[in-house]
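Presented below is the structure to which this report refers.
Order of writing sets the chain letters: A, B, C and D. Residues in each chain are counted from 1.
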Amino acid sequence: MSDAELTCNVLDLERAARKAIADERLADYIAGGADDEVTLADNRDAFGAYWLRPRVLSGSDVTLSTTVLGEPVSLPFLIAPTGYHVLLHPDGELATARAAAKAGIPLILAWRAGRDLRDVAATGRGSRWFNVHLSRDTGRLRDRVLEAKACGFEALCLTVDSPVTGNRERDRRSGYTVAARTAAMEAAGFPIDGWSEPRPGATDLPTWDDVQRLAELTDLPVVVKGILDPRDAVQAIEHGASAIYVSNHGGRQLDGSVPAICALPEIASAVEGRAEIYIDGGIRRGSDVLKALALGARAVGIGRPVLWGLAIDGDEGVGRAIQFLADETRRAMLLAGQTNSSAVDPEVVTPTELRHRHPLRSQRWDRGLPDGP
Amino acid sequence: MSDAELTCNVLDLERAARKAIADERLADYIAGGADDEVTLADNRDAFGAYWLRPRVLSGSDVTLSTTVLGEPVSLPFLIAPTGYHVLLHPDGELATARAAAKAGIPLILAWRAGRDLRDVAATGRGSRWFNVHLSRDTGRLRDRVLEAKACGFEALCLTVDSPVTGNRERDRRSGYTVAARTAAMEAAGFPIDGWSEPRPGATDLPTWDDVQRLAELTDLPVVVKGILDPRDAVQAIEHGASAIYVSNHGGRQLDGSVPAICALPEIASAVEGRAEIYIDGGIRRGSDVLKALALGARAVGIGRPVLWGLAIDGDEGVGRAIQFLADETRRAMLLAGQTNSSAVDPEVVTPTELRHRHPLRSQRWDRGLPDGP
Amino acid sequence: MSDAELTCNVLDLERAARKAIADERLADYIAGGADDEVTLADNRDAFGAYWLRPRVLSGSDVTLSTTVLGEPVSLPFLIAPTGYHVLLHPDGELATARAAAKAGIPLILAWRAGRDLRDVAATGRGSRWFNVHLSRDTGRLRDRVLEAKACGFEALCLTVDSPVTGNRERDRRSGYTVAARTAAMEAAGFPIDGWSEPRPGATDLPTWDDVQRLAELTDLPVVVKGILDPRDAVQAIEHGASAIYVSNHGGRQLDGSVPAICALPEIASAVEGRAEIYIDGGIRRGSDVLKALALGARAVGIGRPVLWGLAIDGDEGVGRAIQFLADETRRAMLLAGQTNSSAVDPEVVTPTELRHRHPLRSQRWDRGLPDGP
Amino acid sequence: MSDAELTCNVLDLERAARKAIADERLADYIAGGADDEVTLADNRDAFGAYWLRPRVLSGSDVTLSTTVLGEPVSLPFLIAPTGYHVLLHPDGELATARAAAKAGIPLILAWRAGRDLRDVAATGRGSRWFNVHLSRDTGRLRDRVLEAKACGFEALCLTVDSPVTGNRERDRRSGYTVAARTAAMEAAGFPIDGWSEPRPGATDLPTWDDVQRLAELTDLPVVVKGILDPRDAVQAIEHGASAIYVSNHGGRQLDGSVPAICALPEIASAVEGRAEIYIDGGIRRGSDVLKALALGARAVGIGRPVLWGLAIDGDEGVGRAIQFLADETRRAMLLAGQTNSSAVDPEVVTPTELRHRHPLRSQRWDRGLPDGP
């Protein structure tokens, strides 16, 4: 039996990607988070803080297709914006775009894409959104936004959680700095001389008015990404946002942040249906998707699993990651008696009640623990 | 001292069965659960989330005998429905039936039994229930139900948590697929050509009306197995069920499900005595049985421990598993001042209060942990 | 530096005793608990479920002396009843009695003492209580109680949590059965032909009326040991008990029981000062003693630490165990601003609030944990 | 890449200091806590019991400068009082004072300083506070306080949590007693014949009136350090304290104490702004500082990290420790949308909700755990 046949889920893809990525520093850059990586781990574990309480005999099959921003999608998934795809596969963002189109889900193209947005647009049909940061260089931001609009991009995804980059100690320790990443891009044949640093300096920080100005720049809907506080969700709506993207940037910005899934219920309650809600951070199983939908999300962002697939096998690999999650989501919904991804019963999710306790003695023996008190 | 003398409990049987089962894939098939096996583990750990608060000087001895579905039983136990017994012992379900009859408890014969239900019925006295799944092939389901009725089976146990099979990654990784299991059955001399897949396709899913139709098919009482939500428990009663069987299928269907024991109290509260309640999932000690009875169950289903006993020593082994649990239940009840298995004081169980804390330093030293912060 | 100088606390005595006891089965008999030893471990960990909130500048020194059952004691400690002292040291209970007298605390002599109660009484001054079990052989129980009274024993301590012996799997696995212990007693020169099994058979279980009869047998105060439920505490008082001894028998009877310290507050609340309250189970530090006093205990029982000291160095060793705990209790009270062991501010104890969380990454590295999700 | 370049945070300094300190007993003396070191560990872990809920698009840069006791400081930090600096670096407290002055934060000079307070004062500009203990020898205490006042010390920091020294078993085991430390001081050229033991004997314990007398001795503001109970905070204010310093002495006094950060909210609530509040214990990251500020602290005390820096590289090393924490605090505040260290939104902190759960199976495999139940 080949290794490929033993790949059952996206966690297997993670292990395979670790082997497939030649530069260990790049693999660490993808895997890592800020400071002590507590939020990185909490994002994942937080899904375990909820139990599913399945219903039975629903009598209907599962429908995963839904709409986001009014447009039909085949799955309640988004390709979350992540940079440097060309370092993982020569086709880079072109491959990701093809996989997203094939799966019928939107691609959110990162600012730091190795492939030009026009080339991405030229890969054919498929919904694409453009990810932007508020910039001191408003002229350049305006130019790129108008270019995205002209290319057929359908929405803007504005990241607001990164006035500065998080403290990525893995990268500081491995030396995988901005300069090293720039050199890697050049070596891969994708020089980034044209990239200006889009983030504002700390002396000129953006405000909610800048969101309003961005929303007024085009008629493209604006998704505000990086919201964890219900008050900010309300602010975003009041300043023209069409959707709230709940995220702590995959644990890469403020370590110790509330896990995205734990922030979701209060935000859903504050938004009261006035905007769509998306979420990312730690989604690795179909049951995680189901929990997010039950707690108020319309779609979930897939970040690292897309990168793992891309590193392993380009657009085919990305497709495998999406397929694993789609199949698992469908099965989880069927087993939970949920028939429609846009109408999941909130009561299918319940907080866990288990308290920590001693492992049973027989387990303690196996682990070689001492007698204990 | 021989190994046999060191066998003190069903967890010892688990270890012995692991050695006794030649095909490791089969042992894994029995041991495993869905996805990340979180529910598999939670089922067990959830019993640790309750403490016992024993009473003293009750003045009476313990009575374990009770009734289920109106019939007397010697112990508040059921043999939970599990398949493929003939792969563990040539006598297969015949051995299990003999052990159940000897112990005075009902056997719930699985649909996927290697031994025919007429042969099982022919092993002599003893209460047997027949486990069915709702099927597209209603003719075949009807035939088998009537056959079970004719053979003297006393109840129908309808599994409702399996519209599709859970994602058993252990089996996918080991290659122990349906085809492999079919081949194993043939090699063991029990070809299963006659088995039609009783489960409905995803395009034609059963409803509560199908439960009603099943209940009306014969005068046998119907036990609905796989309930975790109080609303479904009420539905089951309204559609003709005589008993509710709280279960997450031993962690083999929807991973992340609420542990059965944690779902029990709310279900007991919703049922309000209108139906009997049974439970399975993770019961390995007499104190687990006591907790389940205190939280509202009339009887507990024994699944894997029966298989471990069967693999080790046929009906004798099954008898040992039952005896361990019976002896432990009797002792636990006596030590807790509970005298009657059908009238356990609910207040003998209380949720644990312990929060996680650091292991004591001396323990940390023993474990070789670092200095810490 | 010698080993002796490195002994800082009773946990060090535990390690030393493990080496000092030649028969490992005996050491395991002392160390072990019932079933999976969950309660054994919980007893200890439960003290960690409470934090101390110290006061400052109390302006007074610490007074540890108090009274129990109206008699003055130097420390709020009792020597808990434990059997077989002669297997740990030839002087056996005589040594323990000498150490208790020297420390100014009561010895509760176990029924299964190797040394006769008259010999224990003959060791000189010191308060002794006699531990009894309700027996079918009421004549023998009466004889021994009257003998204890005649010898100057000052109280009866009635154990009510042991209608049968707990399931001690360590002893079953090691073969350290009653027969083996009897043989060991004979080999040590203390044949126990005269011991009748004082516990009732399961067919003739004692009731609260038996407590009343015991209380009326002499004018000795009766302490009821093994209470975990407030309703039983009230029953005990109504049937003549002078004191309630909260205990789960050191985790040796019903596994899964509530830890003694967690049962204490509700019992103290139900007793409302009508009887004294003692507690044992897992007390290994002076801060544990302080917590027990704050939560309503008048004195704490010391069990295994006494045995560890006895095994190491007879009465001197027992004295060391007591001294460690006395010194630590005095220091803990002084640091917590508590001046009187019989008037500890209940608010000095507060439940912990910490939830489980990830170890910091740096710790995870040290432990060789994987990257995580 | 050199080791130095790999130093990213104060935890790296801890590791480096462990290597830099030749006498392992001294390193242990610094690292250790009382008894089982539960409070030592809880202090650190308690910060993990709070999540940050960041705000976005604040529009302003971060201001860390604030005032303490009415005087401007560059950072919301204090150098917590710790002894024996000369054992870590020949310049000892002179180096620490220079680093504090350079960073623009107060140094709290310990009573057990190897360098005379006049020499510390002579290092130049910078705010210094003098740490005192209430003493039987009131004459000597008065002399030193007046001397500090005369030298330009700006406040008195009175430690009230140490009527006796905590039970430091690490030091007892390593033999690093007071005598050993005295010898080390002499060997380092800093004989401490002049040190009288400033702590009262247990027979003559100080009271709140002594605080009042100290406050009236000079016009210097008095900070009362070692408060964990809101009632004591109120007492301190009523007896003349200008500030409350919440601390459990770094886990070195009463083991089992409430972590300082967990005691802070109630104390802040009781103080109601009538006094400034400081805190120390376990602060190792800028996010910890942010949490402390949000929960009511005006400044945080830095203890062990200063010692680590000092041991590695004198005042330069201390400066590095301060700089790491300052940079991280600035980044954490910016990422959390907080602009002013003296006006942090209390709602930026929220208690964690995660309950303990099983590690995912894939992780359990990596850790070599058994199959589980």
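The rule we apply is simple: a contact is a pair of C-beta atoms (placed from the backbone, for glycine too) under 8 Å apart; a residue touches a chain by one contact, two chains touch by 3 or more.
Predicted, not measured: the structure shown is a model, and the values here were computed from it.
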item	value
Angle, in degrees to the nearest 5, of the Cα rotation that carries chain A onto chain D	90
Type of chain B:chain C copy interface by residue overlap (half), same or different	different
Farthest-lying chain, centroid of Cα atoms versus that of chain B	D
Gap in Å, rounded to a whole number, between the CA centres of chain D and chain C	40
Separation of mean Cα positions, chain C and chain A [Å, integer]	56
Chain A, residues touching no fewer than two other chains	11, 35-36, 38, 42, 44-45, 48, 353-358, 360, 362, 372-373
Chain D - residues contacting chain C, complex	11, 35-36, 38, 42, 44-46, 48-49, 160-161, 163-164, 166-167, 169, 172-173, 175, 202-203, 205-208, 210-211, 226-229, 231-232, 235, 248, 253-259, 262-263, 351-356, 360, 363, 366-367
Chain D residues within the chain A interface of the complex	1, 6, 8-9, 47-48, 50-62, 285, 287, 291, 328, 331-332, 334-336, 347, 350, 353-358, 360, 362, 369-370, 372-373
